[in-house]
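Across the two complexes that follow, subunit A remains constant while its partner is subunit B and subsequently subunit C.
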Partner chain A sequence: MFVPAAVGALFVVLPLVAMLTRIEWASFGTLITSDSSRAALALSLRTSVASTVLCIVFGVPMALVLARTEFRGQSIARSLVLLPLVLPPVVGGIALLYTFGRRGLLGHTIEVLGLQIAFSTTAVVMAQTFVALPFLVVSLEGALRTGGQRFEEVAATLGARPTTVFLRVTLPLVLPGLASGAVLAFARALGEFGATITFAGSLQGVTRTLPLEIYLQRETDPQAAVALSLVLVVVATVVIALTRRSRTAL
Partner chain B sequence: MKLHAQLSLPERSVDLTLAVEAGRTLALLGPNGAGKSTALASIAGLLRPLSGLITLDERTLFSGNDSSSGEWVPPHSRGVALLAQEARLFPHLSVLDNVAFGPRSAGMPRGRARELAREWLAQVDAEEFADRRPAALSGGQAQRVAIARALATEPQLLLLDEPLSALDVESAPAIRQLLRRVLKDRSTILVTHDILDAVLLADDVAVLESGMVVEQGPTSRVLTRPTSGFAARIAGLNLVRGTAYGTTVSTSAGLRIEGLPEEALGEGQAAVAVFSPNAVGVYREAPSGSPRNVVRGTVTDLEPHGHQVRVHTAYLSADITPAALAELAIGPGDEVVFTIKASEVAVYAA
Partner chain C sequence: MKLRRGKLSVLAVLAVAGLVLTTSGCGSDDEAPQGGATSSDTSSSSPALSGEITVFAAASLKKTFTEIGAEFEKAYPGTKVAFNFAGSSDLVAQIQQGAPADVFASADTKNMDKATGDSLTAADPVNFASNTLEIAVPPGNPAKIATLADLANSGVKVVLCAPAVPCGSAAAKVEAAAKIDIKPVSEEQSVTDVLGKVTAGEADAGLVYVTDVKGAGDKVMGVEFPESSSAVNTYPIATLKASKNAALADAFLKAVTGDPGQGILATAGFAKP
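Then we have the complex of A and B:
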C-alpha cells in the first residue's frame, strides 16, 4: 500500500522539483517583474477573483436546488451542470464562442445592446466561470447533503422563515464546504487556459492571463516561462494554505 | 389548544385520526413502522399528507383531498414545536443562542430574546451551560437545552418524538421528571416505546398499528383494559382476541379461553380475554382439577422479570418463581401446559 502511494506522491512532486532546478535565480527578479509578466499576473488575479464571485453567486443557488429539491429530470440537470468538468476546455471555449461571439447564438442580441464580449476581459471571466462553476457546485452540494435537513427542520418548527433558516442555519453549517468549493473554483479559474485562448484570445493586459503568458514565453524565452510557472505554483500554494488556516479556525 | 388531525398518506400506508384535548398529553404507542413519526411530521408540517384535515382550535393547518390542493400552513407559522430523539442543537450557536433562536425568529430583539432564553434555561436547570457550545454537553444536558429551546417559542402544541430513548439510564429519569413538570397543562403528543413514559407523562393513549389507530382512550383504561395486542404487551398482560360464545373467547386458531364477562356479550361478537401472567400456572402435564382453561404450547423464551421468571410461548406468557422453574426444569423448545383460572380472566368487547 505504501509503495504505490509513494510512487504516486513522487509523480506529483518530482516535476515541481525538476522545474525548480531549471530556474536561474539570478535573473528571477527581472523575469517576473517585466511589464508583460506583471500585467498577466494582475489580470489573472483580477479575473479569477471575479469568476470566483460569479461562481458563488450562481453556484450556491444551483447547489441548493440540486440538494434540497426534487424535480423531474434532476439527475440530467446535475449531469449537465457537471459537464464542464469532463469537457476539454477548448471545446468549452468553442461553445462559448458560438453562444456569445459576434456570430453566435446570442451574438446579435448582445451587439444590439452595444456590447462585444468575445476577445475582452469579460470573455476571460466567462470562460473561467464556465470551467470553475462545477467545482463549487459539487463541493457545496456534497456539504449540503452530508449536513442533511435535520437542523433546517428544527429551525422551521421553531418558527424560522425559510430566509432565516437559510441565513442562520444552512449557510453557517455549510460554510466550510462553501469555502473549499470557492478555493477549488478560484484555483481552476487561475489555471484556465484552453477555453480562455479560444474564446478570449491573447491580448496583453486584456485577455492574456498568466497561463497564456507562460505558454507564449515558453517559445521565445523558456527561462521566463519557468519563472512565471513558479509564481503560479506559489500563488496556488498560498491560497490553499490560507483556506486550510481559516477552516481550522472555524 | 385542541388538536384534531385526520391524515392519509397512502404511500406510507398511514390513515389515521388523532385528537388531543386542550392541555392534555397524548401518548402515541406502537411498534416500529406503525406510522408514529409520520403522524408527527405531518402535524409539524414537515411532511404533506395526500389528504386529510389538521386543525388547532379554530385554525386549519392543513386541509386537502385527492382532487384539490386545499390549505397548507408552512411549519414556521404553525406554532407547533417538535422535539426529537437527539437534541439537534445548532452546533454553530452557543446554548443561549440556541434557546434564543425561536424568539429571535419571531422578531424579538437579540437582547430580550437572550434574557428570555436565560429564563427558560433556568426552568430546565441548565443555566450554567448558557455560554457553552452544544458539542461540550452530555446527551442529557443537550436534551434539557432542547426542551428549553422548544418551550421558548411558546408552542401551541408540543410534539415529542421519543425524547428519552437516546439518553443513558442515569439521565433519563431526571429528564422524565422535567417533562412531567413542563408538560402540565400543555397540549402535547408524545411518541414513546416506554410504558413508564405513558403512565407518568400522558393523560391519554393512542395505539398505532400498521398506520391505523387500533385503540385510543385514557391511559389508565387502555393499560388496565387493553383491546389491542400491542397495548396488552406493553401493559404486561396476556390478550387473546377472538369471538365471544357465552363466557368463552374463541380464536380462529382454535384457542378457547373462558373468563368473567364484565357485561353480557352477544354470541359471535368480537371480544378479548385479558389476564395477567401472574394468573397463569405452568405444568409439564395437564393437571386434573378446578382451573378450567388449559392451553398447550412450546416455550419460546425465558426471561427474568422482577423476582420471578417470565415463561413465553407463542401466544401467552406466565410468571413463575425461580424455584418453580427449577422444579419444572423447562427450557426453550419444551412442551408445557398453561392453566388459567376463569375467575382471573377479564372478558370484554373489543
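Then we have the complex of A and C:
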C-alpha cells in the first residue's frame, strides 16, 4: 500500500521540485515584478475573487435546491450542473462564446443592452465562474446532506421562519463546507486557462490572467514563465493552507 | 536516508518507464500491418526506404504537410510519416528536451536558429516556403475594412498575435511600415487563435497569414495590403541529428523541397522562399 502511495506522491511532488531547480533566484525578483507580471497577478486575483463571489451567490441556492428538495429530473439537473467539472475548459470557452459572443445565442440581446462582453474582464470572470461553480455546489451539497435536517426541523417546529432557519441554523452548520467549497472555487478560478483564452482573449491588464501570461512568457522568456509559475504555486499553497486552518478553526 | 532516496528514484524511473510504454503502445496501434509490402519491385531508387519517421512541423503547415506525408507514403510503400504540429517555439523546446523527432520544419528562421545553435540539426536548414500577412475579416466585412490603416480606426475590433510570437512580430513590422498604431482588443497566442476569433465573428478583423485565409475557405474574407511585403516569413526545414532513420528523413525533406511538395505548398498559398 505504501509503495503505490509513495509513487503517487512522488509523481505530484517531483515536477514541482524540478521546477524549483530551474528558477534563477538572482533574477527572480525582477522577473515577477515586471509590469506584465504584476498586471497579470492583479487581474487574476481580482477576477478570481469576483468569480468566487458569483459562485457563492448562485452556488448556495443551487446546492440547497439539490440537497433539500426533490423534483423530477433532479439527478439529470445535478449531472448538468456538474458538467463543467469534467468538460475540457476549452469546450466550456467555446460554449460560452456561442452563448454570449457577438453572434451567440444571447449575443444580439446583449448588444441591444449596450453591453460588450467579448474581450472584456467580464468575460474572464464569466469563464472562471463557469468552471468553478460546480466545485462550490458539490462541496456544499455534500455538507448539507451529511449535516442532515434534524436541527432545521426542530427550528421550524419552534416557529422559526424559513429565512431564519437558513441564516441561523443551516448556514452555520455548513459553514466549513461552504468555506472549503469557496476556496476550491477560488483556486479553480485562479488556474483557469482554456475557457479564458477561448472566450475572453488575451490582453495585458484586461484579460491576460496569470496562467495566460505564463503560457505567453514561455515563448520568449522561459525563465519568467517558471518564476511566475512558482508564484501561482505559492498562492495555491497558501489557499490550501488557509482552508485547512479555517476548517479546524470552525 | 541514502538508501531511501535510491529506492524512490528507482520508483520514479519505473513510473516514467510505465508512462512511456503506454504512450508508445497507443502510438503504434494505427500502424499499417507490417507484412504486406516488403521491399518488392516498388521503388527502384537507391536503398529501399522503410520504417517510420516523426516530423515536427509548425502549426501553419498542418494541411500541406499532412498532404505531402500522404503522398510520400504512397510513393514509398512501407514507410510511415507521423506528425507533431504545434507552434514553432513549442516544437524547438520539445526537441531540446529530447523529443524523438527526425525532421523539423519551422515557421520562422528564429526558431530554426535555436535548433542549429544547439547543434540539433544534422545538416544546414533549407528554406522551402514563405508566407505574408493578410487581413482576415468575417464574411460580409461588417466593419468595411479596405486598407491596413482602417485597422487603426477606433471602434474596429482587431485581434493580433502577441508580439512574442512570430505572427505578432510580423504584425508589428507591417504596422511600423505603414506608420500606424493598431490597438488590438486581444493579443492571441497563435495565428489559429486569431483566425478563430474572426471566424466566430467576435473580431472585426485580424492579421493572419495568406495561407490561413485560403485554408479557412468561405468562413473569412481576405483583404490584401501592400505593406505586407515588409514582413515576409521564411520557412526552413532540417533533418535532425537524433534521427534513427536518416535516409527516410532525408527523403522526406527532399519531397518537401522538391516538385511534389512545392506544388502542394503553392496550391495552399505559400510563396517560394
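Quick notes on this structure:
Here, the second predicted complex is superposed on the first by the 250 of 250 C-alpha atoms of A that agree within 3 Å, B and C clash if a C-alpha of one lies under 4 Å from a C-alpha of the other, contacts with A are read in each partner's own complex, and residues count from 1 in each chain.
Please note the rule applied: a contact is a pair of C-beta atoms (placed from the backbone, for glycine too) under 8 Å apart; a residue touches a chain by one contact, two chains touch by 3 or more.
This one's a predicted model, so the numbers in the text were calculated from it and none came from an experiment.
Look at A:Arg161: by the touch rule set out above, it reaches subunit B but stays clear of subunit C. Residue contacts after overlaying the shared chain place A:Asp35 against neither subunit B nor subunit C.
Once the two complexes are laid over each other on the shared chain, residue contacts for A:Phe151 go to subunit B alone; subunit C is not touched.
More subunit A residues lie in contact with C than with the other chain of the pair subunit B and subunit C.
Judged by the touch definition given at the top, the superposed model places A:Glu219 against subunit C, while subunit B stays out of reach. Within the superposed three-chain model, A:Glu70 lies out of touch with both subunit B and subunit C [touch as defined at top].
When the two structures are aligned on the shared chain, A:Ile197 is found in touch with subunit C, with no touch to subunit B. Legend: residue contacts after superposition of the two complexes on their common chain; A:Pro172 is shown touching subunit B, with no touch to subunit C. Note for the complex: subunit C touches subunit A at residues 8, 11-12, 14-15, 87, 89, 93, 157, 159, 162, 164-165, 184-189, 193, 196-197, 200-202. In the complex of the two chains, the subunit A residues touching subunit B come out as 150-151, 153-162, 164-165, 168-169, 172-173. Residue ranges of subunit A in contact with subunit C, taken from their complex: 3, 6-7, 10-11, 14, 97, 101-103, 118-119, 197-198, 200-204, 207-208, 212, 215-220, 222. Every residue of subunit B that touches subunit A in the complex is listed here, in rising order: 44-46, 74-82, 84, 88, 90-92, 101-102, 105-106, 149-150, 153.
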